[in-house]
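Labels for the chains are A, B, C and D, by order of writing; each one numbers its residues from 1.
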Amino acid sequence: MRIAHAAWRKASFAAAIALVAALALVAAACGSSSPSPAGSSSGGGAPIKIGFFAPESGFAAADGASAHDSAQLAVKDINAAGGVNGRQLQLVNYDDASDPKQAVTIATRLVTQDKVTAVVSGSYSDQTLAAAPIFQRASIPVLAAYAVNPGIPATGDYIFQQDFNGIVEGRAGAVALITNLGAKKVAVIAIKNDFGTSLVEGFTQEAKALGATIVATDYSQFGEKDFAPILSRDKSKGATGFYMAQYYSEGQQFINSWNTLGFKYPLVGTEGIDSTTQFFEPVGAKADGLVFTTPFNRDSTEPAVQNYIKAYTAAYGHAPDMVGATTYDSFLVLAQAMKTKGTSPSQIRDGIAATTNFVGVTGTIQKYINGQVVKAVDLQIIKGGVPRQYATLDDPQLITP
Amino acid sequence: MALLEIDSVTVRFGGLVALREVAFDVDEGQFISIIGPNGAGKTTLFNAIAGVIKPSSGRIRFQGREVQGSNPSHMSHLGVRRTFQVARPFASMTVRENVRLAAAGRQVLQSARALGLRGRVRPLADRVDGLLETTGLTADARRRASELNIGGLRRLEIARALASEPKVLLLDEPAAGIGVDGLRPLAELIGGVHHRGLTVLLVEHYVGFALSLSDRVIVLDEGTMIAHGTPEQVRNDERVITAYLGKAGGGQGARPPAVPTGPDAPGER
Amino acid sequence: MVLSSLINGIVLGSLYALIALGPTLIYGILRILDIANVAGLTLGAYTGLKVFEATHSLLAALVVAMLASAAFGYLLQRFLYRPILGRGPLIPLIAGIGVFIAMEEVFRLVFGPYPLDFPATVPLPTVHVGGAVVTGVQLLILIVGIAVLVGTWYSLRRTRLGLLWRATSQDTETASAMGVNTGLVIATIFLIGYALAAISGVLLGINYNTVYPTMGDIPAYKMLAIIVLGGLGNPLGTILAAMLIGLVETFVVAYLGFVLPRDAIAFIVLIVILLVRPQGLLPGESFGS
Amino acid sequence: MSYMIVVGVTVVIYAILTVSLNIIVGYVGQPNLAQGAFLGIGAYFAAVFSTRYHMSFWLTIPLAFATAGVAGLVLGAISLRLREDFLAITTIGLNFVIVAVFQYVPFFGGAVGIYAIPLPSIAGHQFSNNAFLTVGLLMLAFVMAVSKYLEHTWFGASLMAIRDDETAASSVGVPVASYKVIAFTLSAAFAGMAGSLYAPFLSAVTPTSFGFIESVIVLAMLIFGGLGTIRGAVLGAVILGALPEAFRFISNYRLLMFGAILLLMLRFQPEGLVGEGSVLVKLTRRATEELRRRRHKGTTDSPAAGV
């Protein structure tokens, strides 16, 4: 009996392995049931589904909330204005929890189950990179609201980047620091990720072209709290201007260290600190004099910009930031593309690619080149704790990726 | 030449002398017991022989080679195999598996043969059955080791030690914690093993138990060897009687007490 | 430069020591790597901030934060840790990490995802020491740090609680056989350990002027490196290790720049030292003996 | 359907990780909180080999296996000298060190990572999600079969002996130190093999995807299912791997639910769902025992009844 029992157990495990292998065969046999062409533009009244994902939980939840809130606002505003060609937009929204694996399942779900017509990514590069090929293969157009990894638009012709290329923004930072603020020996302190490294690349090119010397380039990590040692080091190397490619929370600590040391040098930041609740409010007047590059000009006289700021503030109790603005803009671009070319995925793709001189809340989109947006870089300066218009850089050579 | 030679071994822990110039020989096939009151240094001596601690001075020779200060696994490899006072079975395995693993031994475990299936080796299986038989564990063979009572665990401990076919078996208080009823079967088991030609070294608290089995007895007191001889000689040795009387506080008559007075204190770590 | 790095390193080391001291005491007594302690830190920071906003009293903020965290710690040991104590070291470790992750989500849902600023001004002057600057907050951290460390040393060495802690940490069974109410000792150590976490949380919040749901991430990992480096469960070793890590980080950044992530620095120091001394800087559980 | 298959691939990748982690944590009892990092090593090397050297997917599988194995060998030899909690924390540290290497060494694409990893192809056809699932299941079957085989070898028995009592294991002749390192290496190599599937499935690898949290999740899955058993490892990966998808409808509370379920499990059933000694297994054992006894009785009774 015991022997029989042991044999039974052995057999049952062999069966389990066989089952796994059989499942494998079944999966193989199921064949490549390629996803059906999603959301073919049928039925005049049916809503147009727009997929959206952002990190609403996990460490990036703050940006996720900004993106998500703006996405909802955008859809509401577009629908209130009559929708697109008489059809309403419908947001299909998921939380990716900052996990690329979840981005893959979300992308598949959006394509095969929800059958969305177009997608906006309100997420970081890791997630957007993992999701992009799935949409490309399914021929669903994607606008990445603020993810900057160069691999995203390189995925294919259905993938667009709504925020400027890191190289472009880096170049603009160099112009701001060297031409506008007159620094000649500069130090760079950047975050060690795709955002920081591509900004530094652009900055370094342009700064050298403008005849400046870069005395030091350092990369810090997420969560860095103390920049005083590195700033002192840069000063001792003769730096008279500083380029800070950091995000809001590291930027806040950067400003703390800056003030502790009593530095008064020209300082240029990036869109990474362009966050109302996370940078401008906590830092206040301590960052006065800081100039930063951003797509979001709060002092713009365009009604679109002012209406967005007003509506967002009314809805969520605080002013919007750059993450929200580019997300909002992505929806405006989608709607515009649908209006001009039609509401099927391929028509929307063509519509986005054909966008010219479109006025959104993040400035005028001149066009897209290889999926990358071309638009002027705005320089803002912090005065009395509030970002104000400083200059706009629109030299075509500078802003073309 | 003696199989095992203990040559004026001294062990110091800081300022404390746990063993002082202990010397004796163990011949092949002998059964030697080491007894003594609490804190006498029995376990320290045992640990020195098993390679757990290095003597501060003196030599230990096994088959003529100096082995003091080597490590327990090396000693076990040479054929000096010990049991633990607190039984240490592989709790998640059955009794048979415990013995089988020990019987597989170094030659199997430290070679590519370790990747072979356990059930395949017939001669080994027969030997394991024999060991289980000898130690009276056949009925418990399929039970988990963690389910054994203390007597069973001691037997398992001995079976595992025998499985590696040692030249010398070091038994560390095998009778501790076993009730009076269990003593006789245990004595029979140990005696039987010895009569098959195995050299045995026994550290024991139950003096009567030890004396009944041994060819020769070594008595330690406060780290010094105070007597060395046949059980009969030791039983009548004045120094032994005083040593036990002094420690036990009298009332036990002229003979060494047959029941333990408590756990050994120093030198047990 | 050397002097200011030294001061920065010591301040950072004091913060690390404060963060790691509670988990060290808890490890000493239960052999649990209590990562959930850092959830107590964030809870303390949020509670302190909310009380400060209501009362504008730093003292009130600290006291209420300590009470809130201590209560949290008490509940944790009572309803989570003690029932699973006998299950080996891995299960309590994963449970602690689970609490830590779940609490971050709770903070996000309750207080929102955005960082909040902690606009407390410390009633201490900025001091200049031979060219180096010590800000008021840094001074506060040093003072609180020294006070807590001395207090802990005194309690462990000179009070009945300390005796009980040492007895229980060396051998829970024997201690309980000798009539020590080990349950009470464990509860008390959790109360203290989580109150310390709350102090660290409030100080972190003020020092960096920011409180956010995931503010415990980096302290959690670093705390682990520090208490292991310190010899696991040895408070004096923890303090030494905290100072060592604080100074190494500061000097590496000051002289070599951000050559490596700070977390990696802490763990590389840990791995290198463990290679030489597998038992950590100071083995054992006793305080300074 | 396709969506379920993609969820299935994720689950299968997790299952390969838990079954392989079980070798070192379940069998040998050595804590290892770096399995996510070894997944990363495999994924990164697979990505480098396929994008930079245009190697076929089929070739990257053994290479990812080997590179993660070598990393496991080196790191294991360094860290396995430590015991229990020291080891646990050191393996936590390995996550940070390995992620730093990905971030800082240009070979691994630096902070940008490696993207545009081509889809594998078989007989000229590009992989569909079904193909990923097929290959994943085959890999899982392989890892399960190896684990099961190990359980029946002297090597496997020695590993469990080390888990039960290191000193006693060494006294019966088990080479404790080298066996620990071998088990660690094997476990890391299988995780690396999962990485070779992960990289083309996600089409991009970035440094921060392979950190401490990933390692914790894998270990949590193993403990949830039942440490030391293959069935537990697989079940834990299936349940906790699918859970975030099942909870999509309460998106804001998803992670919290995940944490809560894990904690309830650890608190009330620390043996895991189907581990040795868990309620479920005890009940099944009792039921089959009962069933067998009845059947046995039936067979002995029936001839008597026939007479």
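Criterion: contacts are C-beta pairs under 8 Å (C-beta built on N, C-alpha and C of every residue); 3 or more make two chains touch, one makes a residue touch a chain.
All of these numbers come straight from a predicted model, not from anything done at the bench.
Any chain touching subunit B that also touches subunit D would appear here, but none does.
The interface with the greater number of C-beta contacts, when C-D is set against A-C, is C-D. Farthest chain from subunit B (centres taken as the mean of C-alpha atoms): A. In this assembly, the C-alpha centroid of subunit C lies 32 Å from the C-alpha centroid of subunit D. For the pair subunit B and subunit C, the distance between mean C-alpha positions equals 48 Å. We define each chain's centre as the mean of its Cα atoms; on that basis subunit A and subunit B are separated by 72 Å. In this assembly, the C-alpha centroid of subunit A lies 36 Å from the C-alpha centroid of subunit C. For subunit A, the set of residues touching two or more other chains reads 56-57, 192, 219.
For subunit D, the set of residues touching two or more other chains reads 103-104, 252, 255.
Within subunit C, contacts with two or more other chains are made by residues 105, 261, 263.
Chains touching one another form the pairs A-C, A-D, B-D, C-D.
If you check the complex, the residues on subunit A that touch subunit D are 1, 5, 13, 16-17, 20-21, 23-25, 27-28, 30-35, 56-58, 93-95, 97, 99-102, 104-105, 108-109, 111-113, 125-126, 129-130, 132-133, 149-151, 154-155, 192-194, 196-198, 219.
Taken together, the subunit C residues at the contact with subunit D in this complex read 27, 31, 33, 79-80, 83-84, 87, 89-91, 93-95, 97-99, 101-102, 105-106, 109, 221, 224-225, 228, 232, 260-261, 263-264, 266-268, 270-271, 274-275, 278-280. Within the complex formed with subunit C, the subunit D residues making contact are 25, 31, 78-79, 81-86, 88-90, 92-94, 96-97, 99-100, 103-104, 212-213, 216, 219-220, 223, 227, 252-253, 255-256, 259-260, 262-263, 266-267, 270.
Residue ranges on subunit D touching subunit A, taken from their complex, read 1-3, 5-8, 10, 13, 103-104, 110-113, 115-116, 125, 128-131, 133-138, 140-141, 144-145, 148, 201-204, 206, 208-209, 230-231, 244-245, 248, 251-252, 254-255, 292, 296.
Per the touch definition, subunit A reaches subunit C in the complex via residues 56-57, 59, 61-62, 64-65, 192, 216, 218-221, 223-226, 228-230, 232-233, 236, 248-249, 252-253, 256, 260-261, 277-278, 281-282, 318.
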